[in-house]
Structure formats: structure tokens, C-alpha cells
Amino acid sequence: MDYSLSRFLYTLLGLFIVMNWGMLMSSTMRRIIARVSGRIGIPWYQPWIDLIKLYSLRSQITHGTMFYLGPVFRLMGGVGLFLFMPMIYGSAYFMNYSFSGDLILILYFQFFGMLGMALGAGEGGQPYSAIGISRGLSQFTTIEVPMTLAVISLAIQYDTLSITEIVKAQQGSIANWTLFTNPFATIAAMLSLLGAFGHSPFNLVKAPNEIPIGPPTEYHGTFLGVLRTNGAILHVTEAALFMNLFFGGATSWLELILKTFVIYFWSVFVGVVFPRFRIEQSVRWFLKWPTLIGIISILIWM
Amino acid sequence: MKKDFDKDALSDMYKDKFLAPENEIRFVNAPDGSIIEVNPLDDYFCQERPKELKPRKGVVEKFLNWARAESLWVLGFGTGCGSIEIPPLSTPRFDMYRFGVQMRATPRQSNVFIISGYLSVKTLKRAIRSYEQMPSPKYIIALGSCTINGGMYWDSYNTINRLDHYLPVDVYIAGCMPRPEALLAGFGKLKELIKEGKAEKANEYIQNLDWYKANQKKIIKDWNMPDYNW
Amino acid sequence: MSLKDVLTPFTAWKRIAKEPVTVIDPFNDRPGADRYRGFHQNDVEKCIGCGTCEAICENEAIDMVPFKDPISGDSGLRPSLDYGRCCWCALCVDVCTTNSLKLSNEYTWITTDPEDFRFTPGVDKKSWDENDKGWVKPEPNYEFYNTQRVEMEHLHPEERVDSFIEMVKGYSHEQALAEADRCVECGICIATCPAHMGIPEYIKAIRNEDLEEGLRILYETNPLPEICGRICTHKCETVCSIGYKGDPLSIRWLKRYIADQVPSERYQSILNTNDINNNGKRIAIIGSGPAGLSAAHYLALMGYQCTIFEQYEKAGGMMRYGIPEYRLPYDQIDKDIDYILSLGVEIKYNTRVGRDITLDQLSQDFDAVFSGTGLHLGRSTGIEGSDNEHVYYSTDLLRQITEGKDIEVAEHIVVIGGGNVAMDITRSLARMQKVKYGKVNIIATSLEKEENMPADREEVVESREEGAVLMPGWAPQRIEIQHGRPTGLHVVKCNSLFDDTGRFNPQCDMEVKNFFEGSMIVQSIGQGMDLSYVDEKWMEGLSFGPRGRVKTNEYFQTDLEWFFMGGDIIEGPDVIHGIANGHKAAIGIDRYLQNLKD
Amino acid sequence: MFTINNDRSKFPELDDAGNALIDLTSHKYLKLWQGPQHPGVTGNMSLELTVTGDEIVESKTHVGYLHRGFEKLMERRTFIQCFPTCIRLCVAEPDPNEYLLSSCVEELAGIEVPETAQWLRMLALEMARLQVLLRQVPGQAGTFALGLGYQWGNYIRDLILDRFEELTGGRVYHMYILPGGVRGLLPNGFKNRLEENLKLVDEFLPNVWDLIYTNSVFKKRAKGLAVIPKEWIDQYGIYGPAARAAGIMRDVRKTHPYLFYSEIDFEPFTTDESDVFARSLVRWHDLKMTVDIIRQILAKMPEKGDIKAPTPNVMHWKIPKGETYVKCESSRGEYGMYLVTDGSDKPRRVNLKGPSYTHATSVLEKLLVNANIADTAAIMVSLATCPPEIER
Amino acid sequence: MKQLVEIIQNHFPINDIDLRKKSLAFISIHQNQAIPLLEWLKTTHGYTAFVLLTAVDWIEENRFQLTYLISNPENFTELGVRVFIDREKAEMVSAHHLWKSIWVYQRELKEMFGINFPDSPRVNESFILEGWDTIPPYRRDFDTKQYSEETYFPRPGRSTNDPAKHMKSKLYPKD
């Protein structure tokens, strides 16, 4: 692996772009939701202001070391995901630190932030945090099942565990996208994506009117700022993962922006019109249809 | 602005009355068989007296104040009838989100506390606790007559008359109920104040903590929490 | 779980094509509704500071604060709002007696200082002062109290015109309760009443059906309730706050109701005047009119031994000899006077000071002297022919009627004057005409125009009901005398009475003439006082003010320390001033004698 | 594959009365407070939950956060002063309070209200019900985080409040129905504007039906949740939509017609499921019915007429000694007022009885046992608890 | 209603009958007989629904009036059963075994009026108030205005004038 300075700087630039796009995307999504409600919604620049505000709060309290580390772990999860995710296919600058086994690492990083958060939020001592964590962990475990099945199906299909290789295999024509070559894996993954992005019916981790508001209940100020920064990065990067795996990757930033937007919009599209599941319903749901489809996708390629 | 008051006269009110049972020191059997001493006041609460958090100087503070003004996070705590006008504000007709005002479910993440009307003593206790848990800088908007001089319930035995005796208030809005527009205008006024650097009531609260605490303890008969809830 | 149930919710996304419904500029796009109950406005010129708004406010949000100096009918106070209390129920608007208070549809007021939320609408300038929308009292038939007076039953004109039976029947129990219920207890009337009677309190006593308490309240300031309840000029009713929206409260009739309902035997026990300690001092009182009786009553209560000197054979003065019986029956006068006499007051009838006993004698025999001799001399118009023997003064005629003397009533009569006395004599003579000739033929003419006539409105109306012809706005010029008897009165049109500076200076149009036929002319243009009983040596000690009246201090004490004067000769003329003067003088005499002792 | 087992081994022992015996030191249970600062709680109240895992084993309702002592305050206010005070009892639907006080006072004082005023009262009451239901119907889905319908409903509710503002001068606190009558006739063009808003409701009804009542996730969560057995209705005191969802017809407008409800043609919807979904469904039908009733009222009511019966002077209005109980149908169910007078100008005792008094205490506490924490908000909303009604 | 009252009269000693309207009547009964009467009405006359229980403080007569309002969902009638209890020894037999909701009312009465219902569930837990340490607030001898003024710092600086007194002081101060 090449650890040259320029590559590092380009990765940072990529991170910067991703973060800002992530924030713009979240405000755009909220404006879309607002429009369906009949409202105008937040200004598009609201996330940045919120972030400045959060970083500028004067008083912060802590519940202990892990409480500090929680958001840091979470950020590490997001940044780690980004670091090993090839963003722009074919670009020498924005391949980040993608390597041949990066898919495995990325699946791990998806879980890493969650665990860190669990430790930190648990330290906060808020019972709702604890309930949120237990919900989050159990739900995430089940989300991973169809996702992993889909990835295995892909690995079998493309015979590789490198994202770059998978993207490469999809180039040429839209027909080459995994979406068309392996629709069952795509469906399984896209259903698990609904859970990963945390919109209804699977937003039971934060669930404002049940357990306000789950793990981040005690987080405020800089801690929350870090979590929000991470959220922006994570959403784009995860969408980029799905883009890379199923939608032919991106060859330019514009393509990335469009594709991540559409992929993220999918979760919003479902989320706006459905209520939230209970945790056992959610777990059961993931283990039912998406898992079944995932298994089918593997069976097809076996 | 330092408030003068006779400390001696209030001293007997100012002592802790009693401790809630759940805040007493207790011993817990750990799974490994050892015995752990739990002192909730030390373990769950920050006993340190809060410090005044001075604003920065110059352009930086101005910029930060602008950001604070444009991002007002309101604590979702409907203390009185005024909370009926919060749903219209967050729904299509008035849509306060476009003004940078958003609702938050937890005090830790909120900056603005809307005291929506009358406060019963029982709610006041929770309101103080919520307020103190909010990170500084924090602001209070007082809604309606009841917070100013008792309003409808001026002669009630269970509602306070003057909110400014218990919590520092930045903006008062007249009405009973104020229309949602009045509330939006109140947010506008608050923004103005923050941008001018005049919304420093959180520090005023710390400066006069003794005075506020004395007032609070005078009416909250079962004061069973630490003096300051971080 | 059917597929339809999964898919139909997505139809909600069709909303994305619709424009948001948000109000773009909420501060300007959406003014309050026309009826919105926003911030208060008050028309301070219209407002009389009655404080009804303060009384009805359940939050004690309204304070009455001084705005200007009080005058009769306006307390000078204006409502001041505390928006730390107000709940915008607008009960204050609905109950407002003058309709001066309203709510604008302005509703935004934001401040950092809670002390700001106090203001006096109409006085403190606010942005919504000019706002003409907002809550006003709903219409129609929406009142918090009955604006219509409970009609007092009168004898029908046909029934009454030929007799001197009392024409006003008085309230029944239900009527009195209903009328008393209308009072809003503002108390504006108290200052206007010369005697400052506790009007709201005794009306409240009627409502509580506690007439004994009512009587006690009456006697605190007025020892002649039966009389006052009938013939008081009721200045209080002219300022009654209820009168702005409808009829003023019938304060006079309610007073009469209390007095009528309590039998005279019970007065002493109710008023607790059975044992009064006599302090041995003696007071002489000249004249048994309202002033004298009132002074005697209060002095007697204080323990003074009072002696009244009355020139006629019955007590009451003008009340008996100046007011016709149909308005004030003699037995009611006797009821009041008998009670005062029961307190130990002594009356020497047919004793005229200056003729039968001198003032000098009184000053020696008594510790102090109070004079309430009133206005008994008729005033002449001084026009040509007014010295004829068939041209009368109304005071003389009225007295003669009371005394039962035979009066030669002519078939055609002209009365000059537009005051209450003129109406009294007109109506009395009308009755006598009716008896004698079977029809009424009397003309009352006055300088003043109809709307400015000093007589009470109801007197004017009732006179007409009884058949008298009223011709206001004519200035008498000459009385036509033929064969030693008047045949009529020549008049010219009178355009205005007062000049720009407010001085009496009638302007007449000599071209417009008229002639009122009448073989009997009665002059009723005012009365004069007669101070001839004051000895020369004492006269020097008195000083005189405007209109020839004796100057007194606030306790009606003249420059001669032992000599007090009150009643019509000082203020008025009316009964209630006499009563007030007498009461005040009684206090003055007491103070004077107390000081003398010390 | 997965069935909830009804094995109570993880739950605490029950005593004879069916109450759970909870030993907190056993580490099996967690005390969890929901509220008063909790977005899922309807209003300012709190639930003290004892949970094991996600399941609630015991629930205690705590109220008093909104206690203003209305009943005491009204004892020292005259009858007319009671009227602005009384209506502030329930902010979501103040009109029944106004109506109850007025009709109690009128009944004891023997005052006959003019016909126009009675129709206007009915209109105000039904409009109040409409605006509440516009929040409640989609609000049920809102407790499961489907806020879209709530947003739509609230917009129409705002328009209805505009109509209230036109009619009564107040947006939230209408202070319209006062002893003796009402405080204003319909403004010009009011009927047309209201009809326009009703058309929006017509449009809204199928939209929420598609969004909520045919929503698979909503059905999954709401069906079978918090079933109220029929025999509880009288035992626990369950009123209005909650009773109608259990198949028992409870609607004061039908059983004790007041005002001119007997001249209106309507049939409240009943169903037998008695779960959260059924209660929500009843409310949807109520909303539909309310629109229909308002249209009938507008068609039948006289345009002009007296709005207030003459009353004695309100500044000192004394009412003969007596006591009465008057009730009406609020959106939550039977709402009653017990008024005792002693012949003075102030009430001797006022007691307001709203359905929440039982719904939020004995019923909710019972229903929450064995429920999931996630469902507390939904169960509360389905009972339409309104805390000020409990503590007053 | 009238028939029902007559039937009750045959079984229980009741007085103070007030047939308020077609569907509502009030009756009074002695303290000891009240709960049996309620139970009898519930089991035999269809008065299965409980509407409310509240108290009225007749301080002049030194007694509390408890009103049990029950209703019959079959014929839509309501019956108020009044019970008078001594104010000094305010205690009443609990009826929580008859209706599942009645303990809430009893708990409230205990707190707000100080009327005790021994054996009623959770009757001693505070319900509405918190840390209340004076006489129960709904009793007539508790003056809420005075309490409020003493406790809650009303905003100073207000003064008002009575119109009549003000005019007296300005126009005729010496009378």
C-alpha cells in the first residue's frame, strides 16, 4: 500500500467533500420530507449552522472516559469506512486506501462505530440510552444477515472480495450492474439498507417518542457535533458502498453524488410513509424476507 | 446584574430538607459477590458548583452568536397550556423549521426552554432540573401572562406567579394563549438578543445561584435533589 | 399482510407535487380575525372610570389609575392593564358601561422586561391604538345587566289630572329587586349626590333583602328618605354609569322603596336611637325646611337639644308649601318629620324669627343658631303689567294650595317659567282647572328652548300628558291688561340665552311675535331670599358673596361664629342640597362647640 | 416460527389482587420514568414503569404537574368569572368546559337559552370536536413515528382554528359559550369559508385512510394491542370512542340528547375489536361523522336571532341552592360537571369529570402491564388521555 | 326516576330527595347505609357504571358531603347518593371493591380534602400535590389567595383606586 503524503491529502479532501455532501444531502432530504408534509422545511445550510453551534457550546459535561470515547469510536467507524472505500472508480486520487480485501474490513467497520457508541452511551447512565443500545445491537445484527448474504452472493458472483474489482466488473453498460446481473442480492441488500440508514420502519434506536432519543440522549455539544459529522460521512459512505456493489460505482463526483442521493432517498422514500416496527417485529422482518432473498441469491450462484 | 438579598433571612430555607430514598447511600451486591457502595449524589450527579462561563471576545463570539441564533433547539417539554401551539409551529401552517428552530427530545441537546404558561410547583421542580441540564448558553422564552405575574392562576396555591424568581427569562411573550405568530416573533426577538450578545441569562443564573436556589427551595417543599443538576 | 397494504401508503408521495401551504410571512400575512381578542384600547374621553371592568376581571388584571382630576360623573380614573394577569376573555369589554373599552386584533408584544407589561390603554401610546378591528361588545341583545329601567307605575293621566293623589305608585318587591339588580356598584353617583349618600350600599341592601340595613345607610347621610325618595332632583341618576347604554338606575325610587317598606314605628329600633345622651347644649334652628330638619336630626343624634322656629303652622318648609301633594303626599312628610321629632327635637310653630322673636334673643338663649330659611320670595319678571293683582307668584300660589285656601282659578292661565316649580304650579293649576271647568287650558312658556329647559324631563312629559301646553323659547314682553284684569301675555321669539362669554344675555327676534291668552298669569322664574330677620347689628358682621348669598366656610359657619346658615339660601335650590348643608352644618356646630369647650 | 410465550417465569409474582410484587434489588427489573419531559407522553404527566427487558410489569400514573386547583379557584369567583377560568381546563378541547358550566348554571338558575344560541353552541362544540379529531386521528400513527398524517391534519386544524377565531375571537381559548347564551352570531361568509375547510377534510379522510389504515406496519403494530374487554367498560369507567371500539354504544349525544342533537341525523360507529386499531378506526369514523353533523347544523341553523337570554346582572348573580350534574360528549367521551350552589354568587363546589380521569389512571395502569415500552405512547393516545382533566 | 326512588325508599332509609331532571336524582343516606345501597343498586337495578365521587365542604355545618354519582347504562339515568360525614373525623368506608376505578377518587379525596378511606389501595400515596404540608387545599378554610400571596412573590408595584373613594378623596375629602 502506498502511504504517500499526496494520497493522504487527497483522501482528506475526499473526506471533506463527502462530509459536506452528507450534510447537504441530509438537509435536502429533510426538505423533501417537509414538502410531502406541506412544509417548506429547514434551510439547506442548516446542518452547518447546527454543527458550528454544537461545537461552540460553552458547557459540556462528561460521565467518564468511555463517554468521551463513544463519539470518537463512532467517528472512527465512519472515517474507517470511508478510508477503505473506493469513492471514484478509475480516479487515482479518490480510491482512498482500498485494497483487495476491503469488503471484509468495511463490513467490520460498519459494526465498529456501533459498538463504540454502545460503550460510550452506556457510560452515560441514561436508561433510555441502554434500551436504545440493546435495540440497536440486536437490530444491527439482523440487518447484517441479509447484507452479508448479499455480499457472499456477490463474492461468489464476481469471485473477489475487493470492491474495486466488483466495480470494475460492472463497468461498460448499465446492464452490467449487479442490480441486473444479481437482482436477488440487490433486493436483499437494499432491504437491509433500510435498516442501516435508520429511517422508519426501522428507526427504533433513536425512537423519539418511545425512548427519547436512545443512545445519544446524554450527548451534547462537541460530542453531538462529532456524532453529526460522523453521520454525514457515514451516510454518504454507506450509500457509496451500495453504489459500488450494486449500481456500478461512480466514475466522477457528480455520478457519486447522484447515485448516493438516489440510494439514500430509497430509505427516505419508504421511511416517510411507514410507521416504526417494534424491535421484535423488526428483527423478525429482517430474518424473514430479506434473509430468504439473500439465501436465494446465493443459491442461484452456487 | 447581581441581585441583592438577605442571606441570613433565607438561611433556614436554604438548607437541604430531606433526601429522596433513591438518593441515599446504598450497598449493592455485585455479580462476583463483592459489595459495592453506591452514593447516588456523588455517582449520578455533579456536586461541583457551576462556574460562570464568560463569552469570548470580538468577532469570534459574534460569529458564534450568529450560529447560536440561527440554530435554536427547543426542549420538547410542554409545561403548560402553551404547548398546544407547538404542534402548529412544527406543522405546515407556520413551520418554524425554516427559521432554524427545531424540537429536541432531551435537555442535553436543547438551548431554548419554552416555559409555556403556568408552572405548578411540581412541574417547576422538573423544569429547574431540565433547565440546569441544558448546556450553556441557554435561553428561556416565557409564554403568556402566567409566567409574568401569575395570569389566570394568580391566586392558585399550586402555581408560581413570577417565573423570573426561579429561572432567568430572556424573552417574554404576552398573550393567553399567544398566537403562533407571536411565538415566532418571540424567536425573532431571541435571535436578535443572541446576535447582540445580550442573551447571557445563563451566566446571570450562575451569578445569582444562591438567590435563585433560595427562592426555589422556599416553595419546593420536598427538595430532594442536589443543588445544581448538571 | 397483503401487498396492497404495503403499496397504498406510498400514494402519500403524490403530495410532493403540491406547493407547501406554509404562510410565507407569518407576521404580516395573517392579521388577527375581525373579532380577535388582542390588546386593549380605551377611549379615555368616553370612559368615565367607573371601574366595572376592574370589578368583573377574575384575574385582578385591571387597576384604576388617576388620569385627570375627578369631576361629577367621571372619577378621573382609567383602567390600567397588567398583562401578567390578563386572560383576554374580554369580559371587561362586554361589561363596559360606556362602551369605551375594546380589544384590538393586534396580538404580538414581546419584551425582555416583565415589568413592561403594564399600561393604561388610551393613555400610554401603543402601536395598536389606531387599530379599528378587534373585539367589541357583541350585538344585539347581549348585555350583562338589564339596560332597561323597571317601569315605575304611574297613575294614568286621566286618573290623576283631577286629583292631588300621589301619582307615582312606588315599586313592588319584585320590581325593586329587579331594579336594584341592575346596579353595577361603581359608586360614581356618590360624589354627585350633594349629600354623598351611600347609594351602592343601600341598593345592595335591597338586593340582599335587608331593608333595615338599607334604612341605616340612608339615615347616615339623609334624614328625610321618604321625601327625598319622591322629589329629589336625583342628580345621581344623570351620572349613573348604566345610563350610558340604556336607562340610568332609578336610584330615587329605590330609596323611596326602602323608606316606604319600613313602618315608622320600627325606625327607632332599627336606627338604634332610643337612648341619646343629652349633652345639655341648646341649638336654635330657624326654618323647618330640609336644611333645618337635617341639621336638627344630626345635632339631636349628637346629643344637642334643638329648637326649630317655624313661621307657618306646619313643618316642612318648601317641601310642604312648595311641592304639590300629588308629588309629595303630606303624610309622607309627616313620617319623616315625626321621626326627627321623636329624637327630642322641639318645634315652635307660627313663630317667625324677626317678628315673634329676634335673632339677637336666639343668640343669647342658645349656644348656636342655624338658619335654613330658604327662598320664599317670588321673583318678578318686571315686565309691563306684572304688578297687576291677578299676576301671581308661583310660591304664593303653591303655599295657598297647601294651606287649603281658596284660589280663584281662571279658565285660561299662562305660566311664565320653565323650571320644576313652574311645572309644579302648572300641573297643580291644571288639576284645579280640570275640577272647576272640566278641561285644562294652561300654557307654560319659558325662555329656554325645549332641550334646555331646567325642569326634569319627566315633569315636562307628564305636564303634557295632563293637558298643559308647553311653549318653550319665548321671551315675555308685556302683559295685556284690560279692565284691570290680564287677558294674555305678549311674547317674542327667543333665540339664545347666553352670549359667548357664558353671561345671561337673551337674544330675541323682535319680529316673531306671539300672544298667549290668559286671564291669570303666574310668574315662576325663580325665588329670592328674605334675610330681614337678621338684625342690623348682626348683618354688619356677615359678608356676602356672589348673587347676594351670605359667605360661609365649608361647615356653613358665617363670619359670626355662632351663626350657621344652609339650604337654599346658600346652595341649591333643592332638597338634597339642603339636607347635605344641614348635615354638614351640624358637624360644624359640633366642632365649633367642642372647640369652645376646650 | 416466533411466538410470544405466555410463560410468566420472568415476571414477578402476583398478589391476590393481581398486583405485581416487585423486588427492585433482584436486578431483574428496571424503574423507568416516562415523562413529564418525554415526547411520547400526552401532555405533562408521567408514567412510572417497572420493566423487565422491554416489557412492562407494573405501571403507575403520576399526575399533578398541571394542577392549578380550578375547583378551588372557581369557588372564589362569581359565576361569570368562572367562565373564562373553567374553559382553560383542557387546552385541546376547551368548548365542552364552557358548555358544561353554562348549562349547569342555566339549569340551576332556570334560564332558557335562545334557539339560535343553542345552534351556535352546537356548532362550536362540533367544530371543537373536529379540530381535536384532526389531531387525534393521524396522531395515533404519530405515536408509531408516522408523522405525515399528523402534519396534514394539523394544517386543516389550523384552518378550523381560523374559523374559530372569526366566530369567537379566540384561537385556542374560545370563551364563546357563556351562561345565558353565546358571544356572537356567525360573521358574514362564515358558512362558505367553513364549507371550504370541510372539503379539505373530505379530501383528508381518504388520504389518511390510505396512509394509515391500510398501512401494513401500522396494522401490524396496532392490531391486537391493548385490548379492552367488554366487561371493563363499566367496571373501569371507559367512555366514548374507547367504549365504542369495544362494541358498546356510549355517546351522550345519542343517549341523552342535549341542545338540538335529536334533530341531527347521525349514527356513531362501533366495532368489536377493542384494540388500538379499532379505537383509531372509531375516531376516523367520528371525524367523518363530525363533518356530516357540521354540515347538517349549518343547513338547519337559523341565521339570525337572539344570542343571549337576559340574565340577572352578572356582577352579582346569585343562584339558588342546589346541585346538578350535566354531561356532554367530548372527543374523548362523556364529559360531565357536577355543580353545587349554596345561594351565593359563587359556586359552592365544582367538579369536572372527564374520561381521562379513569382512562389515564386505572385503565392505563392495567393496560400497560405486559405491554412493550414502545407501545406506551400508542396506548395512551388511543385512550386520549388529557392530564389536566385528571388533576384539574 | 321517581319510581326508582320509591323502590329505594322501601328498602333503605333515604331523605332529601331531589328529582333534578328526568334522568337525574339526588338522595341522601346515612353513612353506614351508603355502601350497601350502592352495592344493591349495582347488582339489582343495573346501576353498573360509576360516574364520580366527590366531596363538598359544608364548613358551616361542620360536615362533608360525599356524592357518589352512579349511572344505569340501560335506561340512561343517573343517581347521586349523598352521604354526610363528620368534618372532624373525616372517614368513610372504601368502595373500591365495587368499581375498579373508585380508588382513584378516594385517593384524590384523601389528598385534597383529607377524607380518609381506610383499606383503599394506594390511598396514602400523594396523587396531585407534592410535598404539601398545610391543610388539604380543597377544604373551605384553606385560603388559596392568601397562600399564594404569601408563597409566590406576586409582582409588586401595582395599586388601584376605588372610584368612589378616589372621588371622595379628591372632591370632598372632609365629609
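Order of writing sets the chain letters: A, B, C, D and E. Residues in each chain are counted from 1.
Please note the rule applied: a contact is a pair of C-beta atoms (placed from the backbone, for glycine too) under 8 Å apart; a residue touches a chain by one contact, two chains touch by 3 or more.
Because the structure is predicted, anything quoted here is derived from the model rather than measured.
Asks: What chains touch subunit C and also subunit E?
Replies: B, D
Asks: What chains do subunit C and subunit D have as common neighbours?
Replies: A, B, E
Asks: With centres defined from CA atoms, tell me which chain sits nearest the overall protein centre.
Replies: D
Asks: How big is the gap, in whole Å, between where the Cα atoms of subunit D centre and where those of subunit E centre?
Replies: Those two chain centres are 23 Å apart.
Asks: At what distance in angstrom does the C-alpha mean of subunit B lie from that of subunit A?
Replies: 36
Asks: Measuring centre to centre with CA averages, how many angstrom lie between subunit A and subunit C?
Replies: So the centre of subunit A lies 89 Å away from the centre of subunit C.
Asks: From the C-alpha centre of subunit B to that of subunit C, how far is it in Å?
Replies: One centre to the other, that is 60 Å.
Asks: Two or more other chains touching the same residue: where does that happen in subunit C?
Replies: Subunit C, residues with two or more chain partners: 9, 12, 15, 20-22, 32, 58, 82, 84, 87-88, 114.
Asks: When you check subunit E against every other chain, which residues touch at least two of them?
Replies: In subunit E, 129-130, 137, 142, 144-145, 155 touch at least two other chains.
Asks: Would you please write down the residue numbers of subunit A that are in contact with two or more other chains?
Replies: 34, 36-40, 208-209, 212, 272-274
Asks: Touching pairs of chains, all of them, please.
Replies: Result for touching pairs of chains: A-B, A-C, A-D, B-C, B-D, B-E, C-D, C-E, D-E.
Asks: Spell out the residues on subunit E that touch subunit C in their complex, using ranges where they run on.
Replies: 155, 157-168, 170-172, 174-175
Asks: For a test of understanding, state which residues of subunit D touch subunit B in their complex under the given definition.
Replies: 25, 36-39, 43-44, 64-69, 72-73, 76, 84-85, 88, 91-92, 135, 150-152, 154-155, 157-158, 161, 171-173, 388
Asks: Given the complex with subunit E, which residues does subunit D contribute to the contact?
Replies: Checking each residue of subunit D against subunit E gives 17, 63-64, 67, 69, 71-73, 75-76, 107, 232-237, 248, 250, 255-256, 322-325, 336, 338, 340, 348-349, 351, 353, 357-358, 361-363, 366, 391.
Asks: Residue numbers of subunit E touching subunit D in their complex, please.
Replies: Spelled out, the residues of subunit E in touch with subunit D are 18, 20-21, 23-24, 26, 48-52, 54-57, 65, 67, 69, 73, 76, 78, 80, 99-101, 103-104, 121, 126-130, 137-138, 140, 142, 144-145.
Asks: How about subunit C: which of its residues touch subunit B in the complex?
Replies: 20-23, 26-27, 30, 32, 39, 58-61, 82-88, 107-114, 116-117
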